[in-house]
């Protein structure tokens, strides 16, 4: 039992340590595709170190929400990281503390407070971005629900570890239309929730066009470090859910030994690298959508997930 | 093989009419091909009368009572339409467009003749598709905005119906395979019909009813019909209303025969009554006399379908109604074409006294209106009467009562409008300098087309009656309804 | 005789092709660009051909392989060429800005139609042997309904007509599983008949473009009883 707790904490530590690396690799690859050299892949670490050593400036109209939010945004992905399969394919100590829906709610708790904090400072760009983020959020909800419903219905449970064992481990399900379409729908969801092109430009600095970036606009010093790190971790956690629960079971530790779990770290990073390559290809070939076309994009994701559900429930 | 030759004659004529060999060449070649087709169709019909059916290629090209009847109708109406085209189109169309018209006309006639001759349902689907495809550019021939709109709506709805019906034919094949196989032809299907799984046949019938119902013009899928059947040139309208819709109805009737339960009868009556009723009511508020006749087509298709659902007695009435309607409706549209030629407008409200302006066109239009409305002593009266009698004999009082009401409404509607056009004194605005003379070919076509309309209401030759009875018996299902 | 393992793989691949077929049908309702519509139609026809090849490999039915080849040739290659030739470049690169319904609503209705198709096809599946019919028939029926919706909501001529062609593709998609032994002549002739249809509609569209000045055929609605023609 002790090793289970240890592995769980190791899992959270992996998420904490490696999430800025994923962001660094993504931006470096994007720049390379654009024929530039790009910053070093360790640049996010340096940025975080810099922010932690700076002073914080807080608006005098800000309330406790503004100060409290960075800690929440930092903690919620870590919490979810305890619940999902990151390094192992057998359930760990905290695995039954919450299921996928619970994890989704916890993540959206962080997003909710981030939205409130953006409104809190009376900066005009904050609420603009916050309302757009909410719009994307509520349009993405049905897709989440349908995806979770389908996989849980098939697996008979909503705990991610059990879903992983029953949904993707059998080989025959890999090419099923429901599997492919769910992957597609969830990928579109990651693009939306993670604030990537075609929904939002993560490298943009133009406040009027920001959707997701605006939540960190007013923060400085430690608050900004925590918000940024929380953002990186949220992306990493979403990727883990996508890759480990929905796409493929490879690279997860099967034995209960310490060595297997440590070896699982490079394999999960390799899987994430593969995903990042696909992401960079998609981002570099599409243009950012106009705001009201995002509804069509997420509508398409919704349709894809419902087709996946129909083909699984009716045609088998 | 005479049977295969029948559709090939117009195909040859289509190729020949593209040759730039003088103004009279294309119409003459067309007329010759149609006359040849009529002669061969007569030969085929007499063979069928003698031997109950004529099999040229088993499972592919066969002729039985019903298809012989339809073939004769198509062949005869082709002749009158070709004759009318000679005068009507030659008058105001330049030679190059004329050649294109006759090429399309011949292709259209080819496809119409193909439908009754083929016996494999998938090939029949293709033939019906051809009738739609080859007539699109004919509907758009006038090149006005209205004509193009009508043509676009026409082809869109036609193809939609065809795609739906295609699935129905696939399911029908599946049903036949389930029941034991055999040739996929009308004969093969009816031979095996007791063994066909009901669910499959029912779903196939529903799909084909919806799909081909668009082509027949059943309400509420009829929206393209008034537009297409009024914007096309008159001889093309005659063929469209007279024969093309009948061809589609022929296919649906063939399939209805395969259904084992008497639920089919109920549906047929319901669909037919809806069409007849809605068309009769919509008839009252038309402003264009060609649209008037188009709505009347919808109504008559509904009546035929109801009659086919009334049991064995009704089937004879349905066959007679099919014959009478095709001949009369074609004559109606030829008369309307003559009227358009004289008047230059299709608007009912702006025309008066056609009888005085052009006696031939006026009297033709008046006769046509009376005939299609169902007045005695014309053929349509006789057929409608026999349908009513069959309905009362089978104790379908509600259905027959409704049908009578709809026919009466349609009759009054048609005559209301026709009287307004034909009688009275001509309005000063429409009388131009001197009289407009109808081309001789048009007059001849009108007279030829009027003969069966006038005669068949009073006297039907023996062979014709036998053919009708044979056609009705082909449709009688093997298992009792 | 391929081992049942290989047959299982092929069945799974066929199911995947079916799912993608349905997805592309949805795409036809939603895509704004005319060029995008044509590309989606090419994808649809290719998927149909792929399914035909897979089913012919499973059942050893060379008829279906021929149908697959004919279908890919006519629909994925020739028809887009015909459309391209018939229209001027300007029409080809158009975007459709307004539709009858906005796109998310149209997508939702398409979804309802797809679910309805799956429910309606249920009683028919009892007669089928093998998983191929269970995949192709409901998806074909759904494709027909969604194609009809596309033809109803679109205003531009080319996407409207591609919706109709998609309906016919879906009929065929169901047909290759339901009636694979249909006489080959019939099925090949159907493909060529569609070709003639596309040619003629191309001519018609060009005439419409020349006379009326736009291919926005959905707005042509002058023929009715209220105005004399």
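The chains carry the letters A, B and C, assigned in the order they are written, with residues numbered from 1 in each.
The rule we apply is simple: contacts are C-beta pairs under 8 Å (C-beta built on N, C-alpha and C of every residue); 3 or more make two chains touch, one makes a residue touch a chain.
This structure is a prediction, so every number in the text was calculated from the model and none was measured.
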Graph class of chain-chain contacts, one of line, ring, star, complete, other: line
Closest chain to the centre of mass proxy, which here is the mean CA position: C
Taking each chain's C-alpha mean as its centre, the one farthest from subunit A: B
Subunit B-subunit C separation of Cα centroids, rounded to whole Å: 30
Distance between chain centroids, defined by C-alpha means - subunit A, subunit B (Å): 65
Between subunit A and subunit C, centroid-to-centroid distance (C-alpha), Å: 37
Residues within subunit B bordering two or more other chains: none
List of subunit C residues in touch with subunit B within their complex: 123-124, 126-127, 140-141, 144, 147-148, 151, 157, 160-161, 164, 167-168, 170-172, 174-175, 178-179, 181-183, 185-187, 189-190, 193, 196-197, 200-201, 203-204, 207-208, 211-212, 217, 220-223, 225, 227-229
Footprint of subunit C on subunit B - complex, ascending: 120, 122-123, 125-126, 129-130, 133-134, 136-137, 140, 143-146, 148-153, 155-156, 159-160, 162-164, 166-167, 170-171, 173-174, 177-178, 184, 197, 199-200, 203, 226-227, 230-231, 282, 285-288, 291, 346-347, 349-350
Residue ranges of subunit C touching subunit A (in the complex, touch as defined): 8-9, 12-13, 15-16, 18-20, 22-23, 26-27, 30, 103-104, 107-108, 110-111, 114-115, 118-119, 122, 134-135, 138-139
Residue ranges of subunit A in contact with subunit C within the complex: 172, 175-178, 180-181, 184, 295-296, 299-300, 302-304, 306-308, 310-311, 314-316
